[in-house]
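Chain IDs A, B, C and D follow the sequence of writing; residue 1 opens each chain.
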Amino acid sequence: MEHTNTPVGGGRISRRTMLAGSGLAVLSAALLTACGPGGSALPAASSGGSGLVAKAGGTLRIARPPASKAETLDPASSLSAYEYLGALYNRLVRLDDAGTVQPDLAESWETSKDALTWTFHLRRGVTWHDGKPFTAQDVVHTIQHMLDPNTKSPQAGVLAPFINAKAATAKDDVTLVVALSSPNAEFASLMTGYNCYIIPNGSAATIGQSGIGTGPFKLASFTAAGPGKIVRNDAYFGTKPKLDAIEFSSIPDTQARVNALLAGQVDLISQTNLDYATSQTVMASSIATVSSVKNAQWYTVPMLNTSAEFKDKRVRLALAHAYNPKDVMQLAVHGSGTIARNNPVPPTEAYHLDYGLDYDPEKSKSLLKQAGHDSTALDIWTSTYDSVLTPLALALKGSVEGSGFTLNVKTSAADSYYTDVWMKKPLMTSYWYTGRPIDQLLNQIFRSGSSYNENAYANPAFDKILDTARATVDDAKRKTLYQDAQKFLMDDGGSLTPFFADRLVGLSKKVAGYKEHGFEFDYISIGLVA
Amino acid sequence: MFTRFVAPRLGWAIATIVLSTVLVFSAMQALPGDAATQILGQNATPEAVATLRRQLGLDQAPVARFVTWLGHALTGNFGTSLVSGQAVGPEVGRALLNTSFLAGVTILVGFSLAMVLGLVAGLFRDRWPDALISTVALVGMSVPEFIVATLLVLAFSITIPLFPAVVVAGQNATIGQLLPSMPLPALSLMFVAAAYIIRMMRTSVIDVMESDFVHTARLKGITTGRLVIRHVVPSAVLPTLNVVAMNIAWLIGGVVVVESIFNYPGMGSLMIRSVQSRDLPTILLITVIGAVTFVACNLLADLAATFLNPRLRYPRNSK
Amino acid sequence: MTSATISTETVQGTTGMIRSLIRVMRSILRSKSATLGFVLVILHVLLAVLAPLIAPGNPVKNNPAAVLQLPGGPFPLGTDTLGRDILSRTLYGGQYALAVSFTATALAVLLGTIIAGLAAYYGGWVDQLITRVLDSILAVPAILAMLVVVTVFGSGPWVIVLAVVIVYTGGVTRVVRAAAMDVMPKDFITAARARGEGVVYILSREVFPNILDVVLVEFAMRASWVVLLVSSLSFLGFGANPPTPDWGLMVAENRSLMAVVPLATLAPIVFLATLIVGLNLAADGLAKSLGIDRMKEILG
Amino acid sequence: MTATQSEHLAIDIQNLDVAYMAGTRQVNVLQGVNLALRPGEVLGLVGESGSGKSTLAGILLASLRTSSFIARGTVHVAGADVFKLKGKGLRDFRASQVALVPQNAGAALTPTMRIADQLAEAFRSDDASTATRAARRSRAIELLRLVRLPNPAAALDKYPHQFSGGQQQRIGIAMALAARPAILVLDEPTTGLDVVTQAAILDTLSRLHAELGMAMVLVSHDLGVIDKMCTHVAVLRQGKVVESGPTKDVLAHPSHPYTRGLLASVPRINAPGIPPSLDDAVIDAYERGETLPAAESAVYERTAPVGTPPVLTVRGLTVDYNRKPHGAPTVLDVDLDVHAGEIVALVGESGSGKSTIANVIAGLQGTKAGVLTLDGETELAATVPRRAKAVRRAIQIIFQNADTSLNPRQTVRDAVNRPLRLFGIRGSSVEAALADVDLPGSFAQRLPGQLSGGQRQRVGIARAVAAGPSLVLADEIVSALDVSVQSSILRLMDRLAREKDLGFLFITHDLAVVRAIADRVVVLYLGRIVEEGTVDEIFGSISHPYTRLLLDAVIELGDDHASAPAPGQDEVPDGPPEQGCPFASRCPLVMDVCRTVRPPVVPVSATHSIRCHAPLNNLRLDLAESATGLV
């Protein structure tokens, strides 16, 4: 299975099910559950994973979803092997689960008043896996590599507007200075992206295979779309990981991954949001369980603003008011999530604004009337790409009945969904991982002309707010600006987001200390139960 | 022998293979998007696509591309994967090897068993052994593979953990690594394929049992054992060979369902991945292999029939 | 020959066909297994057609208030994850599978029969050519062909029909051609040729009536495969669009809800299985009562 | 008769009923059959198809068609009550006491086993003389020599299909003899073989009987064969033995009208004319104890038309299938005339190319050279599509096998009506056409399956005649029919020829039939004409050696059965020689010139010509015999 889109880059980790594969899921899951006790209680696990403490040592086996034959260990690449990155490399800074920026290779950083010049003070005594010392030059090289057009890094799109290849300079071995071409007070947070892992100076050409980083694990073996292994890095500067090693195997078919877990062949299924029913199956088993990552999945229904159907703001708003989110969330994910009120920023996010467009059939009807339709019939596209997309579409279809809207569900092959439907069909279901820095979220997905702008939303006024926000160094002021942006976006009918869903992760009962949020996976504390 | 059987058919065989690749190639041209768009995905800005297309040589005319491909293919060079940028030969070779291994086990164990069952069913026509075997065959024909495979996983790797549920070792797994996880996929394939072999064997056994020469032989007062082994089986096996051949072709040509259920690194999985990434060179090579197998299996079936059937082996010294 | 004669011939041709059909039907009733098979199939057809009358509820109506209900009360078989009545969906479920499968099979068999007839009639290089082209289609792994067709044209009933026709016509042609080849040398064909009859007359009046039995068996047999295939496809996300009630789709939708509402998966499976077994039995019995060797049919 | 007596009887069958159940009704295949046969005697079972004679033969090996069963009576063979035998007892009985020579050895020999193995299987396990492999081999060779199979040693390692029909039959006989059975059962052993081969095989059989002296049961529909081979005969009709006794008595003084009818209906080569056909009504009446006068009792002698115009003239016809790159043409330089109302017989063994010629005339087979002219004016285009409707109408075909000549899915009406409509024939109707062939109009509604063989053949004729042709190609149209039906069809042919001035090209291998119906005869060998003349001339005293061979090979009721072809003469070469006389390889009078030079056409009379190098005198019957010692 290839990533037809740059999944992680889009924050959408490809879980394409193959033509035959996808379906196969079918019975197995069914029958598997049949054998277990079952029951429809929601997963009890919290984002803290099983409360147990991990023992030192042991090897964890992780099953990975379909990967491209062309996948690489180069963090900047759109085809980077996501699971390896956090274990092999470090970034300058990382995000904690509250969405605030934390030190990593940079111990501290500051920005000038005009938010144009950033200075990072780097950690001392850090060595690469090959023993060489870590210096500011490495970071300079990394940034140049990231911005190099040939790298085709998704992060380049995020950074390019305000930074160029020459922007970063090493003041000394432990001091990095970045001069932005336009002010950005959120620069630090934008360096938390998982494409921003730091690679050794001059390694651009080789990093894809060598995987030499500063991280808690060293590369033992790696095959694209195949099995691989990493072992503990005893020279790691931070807390040493519990595990001796992690073995990765690539299992394209979702159901096969689940089977592997249930058969005790793997300990954890990464990047796989189990659908409600499968989670039931897993929980029914004696050796595996389910852990849920709160609000990790952002389910959204892009309305192509450039399309005849949605070029009128009132129609977009009408649709946003036409459905009952409670019903939709209940039907689509059995209530395991948080109603979003069409706000693309999750409530757990520090910059979240408690505002939204709520269910209001009358308002919807009148808006539609003003737009000049008594009723309108639309096709809503979906796919087996993600297990929630189709239920979501069906739930919406049902929920808008009686309003002015009639939705006809159309399915597309999973493999061509993000090439033939996404950004092409007026109305479709889509999803992202949450955990992006607010600035990246709003710029990447809603700014005019961004390559991820799936609503084709374009409003200079909105872009203006974002620019001002970036230029605003005062945190409090900046926060209100980003919140204004959210409100503006919603009132402009820029986003249709019914709910954020918890990600249901299947893992073995032998696993302890599992923690995950956004794009952050805790490789340090995860281990096997004593 | 060669001139009379192989040579003339070989020409047709090659024609058939080339024709099939033409069909697939032209069909692929109709696919929405191409390797470039698939690789770039959401980064597929027009410029990016254009550059990548040029890099991949996708900008030339289809016909030209096919001709060049054919030219190289004939010299054994099947090009490089549009996705991984590596020669497709080795990768497909691996997949073929793994698939053949699975197929081999299935054929050796399953098909021979099926023939015996078919023989028994035919000999005990319309009595309980026949009823039993035929029913099994009927079920085998009526139940989709994925149900069979899923049931097996449920039973023998999850409820009773006897065998692995999936193959965790990847493409380059050694036979040693594959062997432990072989039983379940092989069983699933046997169940489906055996059904037809059983039925074919049964039918032809019944035919032969009703033939004059079996009647005459019986009237010679020979024992049933000898009757079956010397007089019935040799003639009964002949038509069955074709069904066997078809099934072998099917086993090699990509048993997608079973392979994906067990995450088996074979042709089927590779095929799907390649179609989805529009990796034309890989697809074409897979097609070639599929076609070659199909043609070769039928050819071999004919030859085997020839070998087993004196009528063809020793043509009457006349027209 | 003049169009007038052609038309009268075809008329006569059909009367001949009808006569043979009656004969066939008689012979079927003589065979237990065939009768059982046909009863199953007819039953399924009736259920599918009468679903609107007998189904207790609306098969596509979501009901957030009654999600995943266990059997009982207004929902004899319970409800699915969107609160839809499983019994209603199952009863409606045959419509898509039956309609698509039978259209596809009919087309494949019709096309195959005509091609086969022409191949057998003209023989020589025409026959060679047809055989070769079909062989090359057969030589492409069926699943690959399917994949490509479905990826090219997307989902939807007609795409499935097309895919099936592409994948199965070759096989049908092989079989029917073999049967036609047996008839061609018969003296009554020679007589017709010597009279200077045209291809239309010879095929429609002399050949087809005599291979009708083979064609019928072929139809029943392929149908069983096609139903299987079509259901698998729509359960893989091609073919039926949700919320269309369709067995394959239902299995896909409710695959892992066994623990919660087992019947949501079991009911469609049982319906599907009985239909396929029915078709298989019908084909078997038909073949037996017509004295056709069904396995050899598969070979062609 | 008591069990003790049955001890020293080879076969002792007492009031035997064999039946099968049709629903709840019991249908008797055999009824009240009583037969006894002493060791060394030869019993002939004669009867027409469906008379139960083959069932009876099977009984002797304790073999019944599944679904049929012994309803009454006992069967003792070689002292054993065969239907009491089970398992090993039955196997030993079959392995030692009684052996069967099946009708079609081609199908009866296992295709996948070498001759040696099949023979070895048949040896008795208790027989010390075949204990060792070497011994078995030599015994096998001995057997094959016994049945006069050429080159026995080599034959052992061959497979059945590598032999000609006649040779396969010989092997079948050898296999039956392998166990030195007390009783040999032969089921139509020579049906489907050419006359010459048949004669040779029968000759071998009677020699074998003389040497080994086992009891034999010979099933045949051919009274000539019975007369030649059997000491005793039993005549079967509808499952009953209507008459039995010593062959000479029964054939000389038949007491039952069926036997009489049967004997009367056999055409003879030494007596011209169409014999009366057997009238079932008379026999059924006799069975009921009444008497009816036979419809036709006299032999009918046909007279050839004189001075009628030619409907077909063939000149220099040559056909080459190009099977072999440089083989001689299948048909070479054939000239042929058929006049209105004339019946011309084209005679030859299988492979003589007679059907090829018919196909060419019908436009179904291309030619290499030659001119075909219809009604003396229109030259025939090579193939049907290029022939005018009128031409296609003028030439019609009647086929040998009535079963395949009619479309089983079409009613008689459809079949007969088609030519009427296609050729737009006015003033005729299906009923009229059926009336022409003595079938009631009511038959129009029937499907072929609902007709008897004879009736089907009549419909076939009706379909041909309905088109109002001037020439009819009749390909072996009576050879598949029972002799009783034969003559009625022959009479029909004659009547149509006279009333409708139809020219018939009558293709056949059966000389007796030729004698009965033909006006002129063309003898064909390997696609070359060897002799032609009026029927009397062909059957007269001067003949081509090949014609002579055919005539001698015919086994005629009541002749001395002395002559038989010399060993090897029954083997037809695979194809015509590149040069010289096609018959050279088998000709008793062969000279060196025959192998190199094409024989000249020697006119014997204005109408009679022979193609042979030998001087006419050597071809005269009396001289020829002394010269060649064919006796």
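The rule is simple: contacts are C-beta pairs under 8 Å (C-beta built on N, C-alpha and C of every residue); 3 or more make two chains touch, one makes a residue touch a chain.
It should be emphasised that the depicted structure is a prediction, and the values quoted were computed from it without experimental measurement.
Chain pair with the larger contact count among B-D and A-C is A-C, by C-beta pairs in contact. Separation between the centroids of subunit B and subunit D, computed from CA atoms only, is 51 Å.
Computed from the mean C-alpha positions, the centre of subunit A lies at a distance of 45 Å from the centre of subunit C. One finds 90 Å separating the Cα centroids of subunit A and subunit D.
A straight line joining the Cα centres of subunit B and subunit C is 24 Å long.
Among all residues of subunit A, those that touch two or more other chains are 19-20, 23, 26-28, 31-32, 415-416. The residues of subunit C that reach two or more other chains are 143, 147, 151, 232, 269, listed in rising order. For subunit D, no residue reaches two or more other chains under the stated contact definition.
Working note: touching chain pairs come out as A-B, A-C, B-C, B-D, C-D. Of all residues in subunit C, those touching subunit A in their complex are 61-62, 64, 67-68, 81-83, 143, 146-147, 150-151, 154-155, 232, 235-238, 241-243, 251-260, 262, 265, 269. In the complex of the two chains, the subunit A residues touching subunit C come out as 19-20, 22-23, 25-34, 36-40, 275-278, 280-281, 284, 324, 326-327, 330-331, 334, 382-384, 390-391, 393-395, 397-399, 408-416. The touching residues of subunit D, counted against subunit B in their complex, run 61, 63, 90-96, 99-100, 102, 104, 107-113, 117, 121-122, 158-159, 161-163, 175, 179, 323-324, 574-575.
For subunit C in complex with subunit B, the touching residues are 132-133, 135-145, 147-149, 151-152, 224, 228, 231-232, 269, 273, 276-277, 280-281, 284, 293-296, 298-299.
Contacts from subunit A toward subunit B in the complex involve residues 1-7, 9-10, 16, 18-21, 23-24, 26-28, 31-32, 35, 61, 63, 66, 68-70, 78, 152, 154, 223-227, 249-253, 255-257, 259-260, 262-266, 285, 415-416, 418-420, 422, 451-452.
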